[in-house]
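Chain nomenclature is as follows: A, B, C and D, assigned in order of appearance, with residue numbering initiated at 1 for each chain independently.
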């Protein structure tokens, strides 16, 4: 059976909840003929790409969709590009705090998402979920994971659609001055992204 | 000895740290002839105003300065006005989640800060700290406290300068996609606000 | 026939287009038994309130809805409150640039919108238009108009629902780094607001 | 005499002023042993890179610094990276409105700025000007110019530091709801950037 690999992130810093954990875990195990394989990654510049690339090699999925939290943003943001840069204002969960380092020393400056990002935004809006394309996944672990996966897939030469989607704070996370979204909307956003990717795969 | 009452907030929601706790606690105990009295309040629509108003009555301070966290904002924001509205997207630390309720049922729609807000912003910028006037303290506990204190002081008839200052996330709080400030800058911001208020009092 | 007074704003500063002009002008002349009376106001602290209050006295409308441009904001923002403050970073179209002045010298600190703001946001979202409640209409001419109208209506004693709605830049206005909305969505937003207000009036 | 090429942009869309015109024109003609050559470019996906690359070939400058307007942003933003993507929500001044097209069909996904971006931010903050690194120059003409110049320089093989700096609205541009900066601060920002680049060149 063909597989879609979906990743979320463990909690980080002082936020004891990362909304992508529950969102990823509540996705169906099978969708439109695809097995949905779920992986929750540590917020670690080193271990997140390692564990994801292990799964990539083991599962040989038809597509990879990673989710992460972008506290402070409004709505769901579908990332366009990952850049070859690790630049942290704070330590990751292993205490690493790289400053202006490359993700891969001799890697290209960036990789574009190979997911259908505009279709995903349109599908989210169709579901009355606020969504937009983002031109930067930052320079922290989320971008590092996205770059590493796209770099691995490029090296492999197999055309596996792969990309990253950021979700905002949940209402329940206690950030009253920042934009947030209710849990049910985040759950529906996850489903909508996976549905759109599955359709895209079946139309290729 | 004359007194300035300074309040901060306990942590809230999933953030196990509120930067105003340390910032308030590290303020000097005496400054320019004023005793600095420090109070850390619960993030509770009911108890925060109660405890602050108790201190107001007990200490009869010359000024009241409250600090709170506004995660997602950039720089220090000095609030201009508090509104007679409690409208929460999330429960406070007591589980209360009021929707479109007044802070005081028959109270006026709003109170302006009686601190020298433009002077405070100028003093922060002089210290190379990013700062601006904010026209909304939101509709959560921060605004509720600010309204309640200004309402109490208005009822009392004693002209006690009183207002609210929001600080952003600390770098160390783990919100890589949101603006944040380092701890030392937040500490200096607190000192600068109190110094400006003390000068203002002495010039009146 | 009963009347709803709807106001927009002329262009201001360097933007030679204000999206509220076309949006207001394209509203139907009659809706659900209400005559829709349209007024385009100058971006002037003095003349905007004067002209609007003249219309208020002449037309004796059942409701007043004002629209203005809030460049830089994302989506439609329905204002909750107007404050008794004029504080301009730039001159209005008459060259006036008040700093920390009251709208009315002995007026209350603020007035809450008397439109059904949450219903309006829900109706906009139902139409798949991005919308939220805003807690600040700023301290420029938009807020000044909103305050003045609510103050007039309060003085008159007639319970006329009145409030303010901000629209974002149009895509065509040429602000590629700022959020914007297409013209057709802004047109539909205007209609949706008026439809919601008309329903609200008929249910009272 | 060695040369630094500095570019600004003509006005665009409805904004009849682009703050980078005056800022660039008011730069000194000579600074620290460098001739400062100034070029104001059209907001055109086609002509801006063409004219800039002509100047690059003709002048053989030691460094290239481009400035553009990013209305809606707060403070000066120094761009980290340019991406191989033209994706416009609005037509440029020639009526072109590319959607998801590459800047150069077979070009790499992105180029990093080769200016000392962190040094520039530090120098601006030293001058009490709000500044930060930006991870996205967008997908409009500014990014297209930055990509094209870095791509040309890479092809040429001469190590010419090159990058892009965005400035916010001027206060006088009439966007009361968006962040803005006064003209004198923008002028000082331009000088500070050029001074930092000249120092960087002389230390290499």
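Going forward, a residue touches a chain if its C-beta (ideal position, glycine included) is under 8 Å from a C-beta of that chain, and two chains touch if they have at least 3 such contacts.
If you're wondering where the values come from, they're calculated on a predicted model, not measured in any experiment.
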| item | value |
| --- | --- |
| Interface with more contacting C-beta pairs, comparing B-D to A-D | A-D |
| Rotation angle superposing chain B onto its copy chain C by C-alpha atoms, nearest 5 degrees | 180 |
| Chain copies touching (chain C, chain D) - same or different residues, decided at half shared | same |
| Chain A and chain D, separation of their C-alpha mean positions in angstrom | 31 |
| Interchain centroid distance [CA atoms averaged], chain B/chain D, Å | 39 |
| Distance between chain centroids, defined by C-alpha means - chain C, chain D (Å) | 37 |
| Where chain C touches two or more other chains, by residue | 138 |
| Chain A residues within the chain D interface of the complex | 80-81, 83-85, 87, 100, 108-112, 118, 133, 135-136, 138-139 |
| Parts of chain B lying in touch with chain A, wherever the complex brings them together | 12-17, 69-73, 88-91, 138, 140-142, 166, 171-180 |
| Interfacial residue positions of chain B with respect to chain D in the complex | 74-75, 125-126, 128, 130 |
